[in-house]
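The block underneath contains the structure these notes are about, expressed in structure tokens.
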Amino acid sequence: MTAVFKRWFHRWGSPKWFYDRGRRWQHIFTFVALVMVPLGVVWGLAFAPVDYQQGHSYRIIYLHVPAAFVAQSCYIMMAVAGVVSIVWRMKVADVVLISAAPIGLSFCFIALFTGAVWGKPTWGTWWIWDARLTSMLILLFLYVGIMALYSAIEDLAAAGRACALLAIVGVVNIPIIKYSVDWWNTLHQPASLKLTEKPSMPAEMWMPLLVCIIGFYALFLALVFLRTRNEIIRRERRTLWVRSLVAGTGVPDANNSGSGAQS
Amino acid sequence: MSTLLTVIRHDMKLAFRRPADFVNALAFFVIALTLFPLGVSPEDSFLVPAAAGLIWVAALLATLLSLNQLFESDAQDGTLEQLLVSGQPLFAIALCKVAVHWVVTGLPVILMTPLLAVMLQLPADLLPVLLVSMLLGTPVLSLIGGIGSALTLGLRGAHIITSLIVLPMYVPVLLFATGAVLSAQAGAEFDGQLAVLGALLALALALAPFAIAAALRISVSQN
Amino acid sequence: MSTLLTVIRHDMKLAFRRPADFVNALAFFVIALTLFPLGVSPEDSFLVPAAAGLIWVAALLATLLSLNQLFESDAQDGTLEQLLVSGQPLFAIALCKVAVHWVVTGLPVILMTPLLAVMLQLPADLLPVLLVSMLLGTPVLSLIGGIGSALTLGLRGAHIITSLIVLPMYVPVLLFATGAVLSAQAGAEFDGQLAVLGALLALALALAPFAIAAALRISVSQN
Amino acid sequence: MSAKVSLLSAQGLGCERNDRLLYSGLDFELKAGEICQLRGANGAGKTTLLKSLAGLTPLQAGRVVVSLVGAEAVPMQLGVEGSTMNWSQSGLGCCFIGHRSGVKSLLTPLENLLFWYRLNHHDSRADSALAEELRAALGWAGLEQSIDTQCAYLSAGQQRRAGLARLALTQASVCILDEPFTAIDADGVVLLERRLEALAAEGRIILLTSHHVPDIANLRQIELRQSA
Amino acid sequence: MSAKVSLLSAQGLGCERNDRLLYSGLDFELKAGEICQLRGANGAGKTTLLKSLAGLTPLQAGRVVVSLVGAEAVPMQLGVEGSTMNWSQSGLGCCFIGHRSGVKSLLTPLENLLFWYRLNHHDSRADSALAEELRAALGWAGLEQSIDTQCAYLSAGQQRRAGLARLALTQASVCILDEPFTAIDADGVVLLERRLEALAAEGRIILLTSHHVPDIANLRQIELRQSA
């Protein structure tokens, strides 16, 4: 690690720094999300051309795919945070990991739900055991596992370390899981598989999709920063800097931190 | 070295003092499998193709349920504290414990399989493949399971959290193992899947003990 | 009377303090059912006819596994002794405990069933029959199970002995319940089987509490 | 729990466990207002005896008879060889606190005490009305700060105290306590000793085991000597 | 376990649990041959402190340093804020007996002791050769009759004794005992007190908690006062 990176790394490792500087990033991402998501969604749902074979039902892809992407990336990010927390014993990493879990879970659920809704018109059934659906379902279990573990352990420090360890173990497994599920799926060939293959889309179809994906990522990051900073405030509530922070100019996050931290 | 022998002999002794612990898994395995013909259908049209899969699912659940005995009693009666204080290499101790656990829960299940395979009308020529897949697969289940049960030690409802944590990681084993049998049934090659299972076993053997040790330290430190 | 309310509120409170305990059974139910498509086959040819049976088997196993929580913690922390010393009618207390146990383990399983039925491709028109059969059947499972777990309280490996005692008595419930669904699937009459289930429930409600109370006294006096 | 015991007499109690005779031909009489300490080495059989007196295990030999205040003429047999004692007959009550004190680690001391109270007393008042009394009892037991923390997060002694708080409320005329002083700090021990004297003064019968001799005014002692 | 500790010094130890500060800025030094009783009310934090010293829970604040006999010049840091103590480094050993004494109820006292011995000592002798020593230790603990009965069938005190028998064998130079006198009868208490003095005489460091003051020659006491 170069000295510069080291310094940057350790700065972001301090709760206070993360809280202060994180604020700007939170606002930036919030802004991007506020612009891109509505734009992409409206564009996709209202103006994008009708699909010749699926009709209007395909439009749900504008929620479905971005959600699915984010859900998958989120877990990777959590694993990285886990490594940082275990190797460098960095408290903030724990907080990030824990704050991200419910977000990832929600996106995962959105992907499954929209997918299911999509499945009804296209496959005539809410659910089929297709490779993607299955691995998504398993990812959902992974998220639930981490959150269950965290909520079950009282001692915050222990909970953080435990979840970090679990996230790492999990990420080692994810590629294996994906590979196995794909292989398994080729074993029995449900006829409906073709449907989930990427339709080769015309530009006016995938442009809004691209916008949605970027918007969803921005939204995800904004939420991570929000929840992380709230959790930091909650955990450090008895430290000097938070006391002075709250005592002085009442920071917006300071008062809604409680609600943010519970969920 | 001598420590490891000590731990192994100790756990073995305990297991035989309380045979119930491993009969437990075995009984569940048998019970679950006898329920399918009753509950679903006794006809060959259902059983023959499903047999291998049902046996594997039952074996997997049996392992899942036997997991909590792995460290629970040690944690409750304070033995775990003594293990930690002794300063012996924890990962090695963990490995021994998991090994013993597999010998007393996984192995009996495998030994019982031929009998149940007959009851479930599994084509005789598939039995060897099934057994090999179980010999390679169930230890992986025990190792991964060890991590889960160590992480959830002494927690409320450890049982369920363990299942949630562990299950997603069981899926690959299940898929490749049953996949091997299915390919054999279809007359196709199945060495590939078995090789993958072997690789998974090697990986688990190499990594799981350290994860378990880390998890144990975390759990002890919190109560 | 007031005692019963006390016991019910107490157990409910405990259940909600430790949601894991009932999520436990539910999670097992869900997990087990997701394993079948993966382990056996995801094709409708297998799932459609098997769905109802698989769901029932999974529900039965889930009950079986949740049984040990019924009296175990009470026995360990000495609450059971307090219940006995209090001199309140033990059979009534037992009934309350079983009732609460069903509400927190059996009911959630039933509520989750529709979702899993969809995932397992159960024909939609069969769902009502399945649900009714479960509403009538699972309480019987809990009541019978109560006897088993009370008898084996504090014994080594209570788990497995419970299963062995209880399982034979579970078989009729399983047969009539799945029988009802199968006849419905075949377009035949199924009120008969449901009526039998109802009768079983009445019988269990009348007798089980006393058996449980007797069993509890025996187990306490042993240690 | 109206009825009051004026005399409890055990006649020819005996017990053997895994082939070892613990005690036999054990006779003693406890009058209302007496505090009696059961003494004996580790493994002498104290816990075993207390459990059988509390009606948890059957009497292996002998019988136990009580006579009620106002009805001394007609002694009542609570238990006899082979059967378990039955305290609930004719509204008698027995307060038993054993090695495992029956405190749920998931519940707070208050909730634990409330459950025990409801179980043992017919009291039509609402929980809210009771709360005051219960809080007072827990306060007496020195748990003011911890009244509403789950017992899982209490120290060994604090958990013990949560169970002992019952002594501040019980209306049972016989209290059977197995090593009540375990894990209790010095102040707690004094507190408990005073409480026991108070209960005795109200005419209860108190039978306890302990390895240190509590300093209690006119304490009676019964020695359980190893017969092996 | 060859190395002997001549001085153990704790510097600025602190701990808080669920938002309550238990102790902070706690400094003490224990010299070889000292017996020290940790005192404090229920919930003061004694068990918590002992556990962190035994290396079971991380030190929340402060550090612990030992200097070895013969190497006083180079004190060695065993644990520091945020990490757990590591006794095994350089062959140091620590003998810890907690509330839960680590006795398996399925095994006999002898088997339990053997397992503990093997775990903590490098001894090439066969079990049979060891048996004599172990039986002697259990005899000392007053379990002659029960050496070969499963602990499940032992009384509270007897089970406790099965754990305490370790003190007759341990070679660790630091012993940490959490309420060792619990459930032990009068004779047992004396036995134990003499044993602790003997260990101290051999130059061990002994740190224990207890709610009754053991009568031990020149006992040191550290008060853990509630800072809340």
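Think of it as A, B, C, D and E in the order they're written, each chain with its own count starting at 1.
One rule holds in what follows: a residue touches a chain if its C-beta (ideal position, glycine included) is under 8 Å from a C-beta of that chain, and two chains touch if they have at least 3 such contacts.
Chain labels with UniProt names: A = Heme exporter protein C; B, C = Heme exporter protein B; D, E = Cytochrome c biogenesis heme-transporting ATPase CcmA.
On a predicted model such as this, the values are computed, not experimentally measured, just so you know.
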item	value
Partner chains shared by chain B and chain D (touch criterion as defined above)	C, E
Most extensive contact between chains (C-beta pair count)	B-C
Chain copies touching (chain B, chain C) - same or different residues, decided at half shared	same
Cα-centroid distance, chain B relative to chain C, in whole angstrom	25
Mean-CA-position distance for chain D and chain C (Å)	37
Mean-CA-position distance for chain E and chain C (Å)	47
Whole-Å gap between the CA centroids of chain A and chain B	32
Multi-chain contact residues (two or more partners), chain B	18, 155-158, 160-161, 164, 167, 171, 175, 221-222
Residue numbers of chain D (touch at least two other chains)	99, 106, 153
Junction residues of chain A - those touching two or more other chains	141, 148, 152, 154, 184
Complex interface listing, chain C residues touching chain A	20, 31, 34, 37-38, 41-43, 118-119, 121
Complex contacts: residues of chain B adjacent to chain C	18-21, 23-24, 27-28, 31-32, 35-36, 38-41, 46, 49-50, 53-54, 56-57, 60-61, 65, 155-161, 163-164, 167, 171, 174-175, 178
Complex contact set, residues of chain B against chain E	2-3, 6-7, 10, 13-14, 17-18, 73, 76-79, 81-88, 217, 220-222
Chain A-touching residues of chain B, taken from the complex the two chains share	147, 151-152, 155-158, 160-161, 164-165, 167-169, 171-172, 175-176, 179, 182-183, 200, 207, 211, 214-215, 218-219, 221-222
Residue ranges of chain A in contact with chain C within the complex	125-129, 134, 137, 141, 148, 152, 184, 188, 190
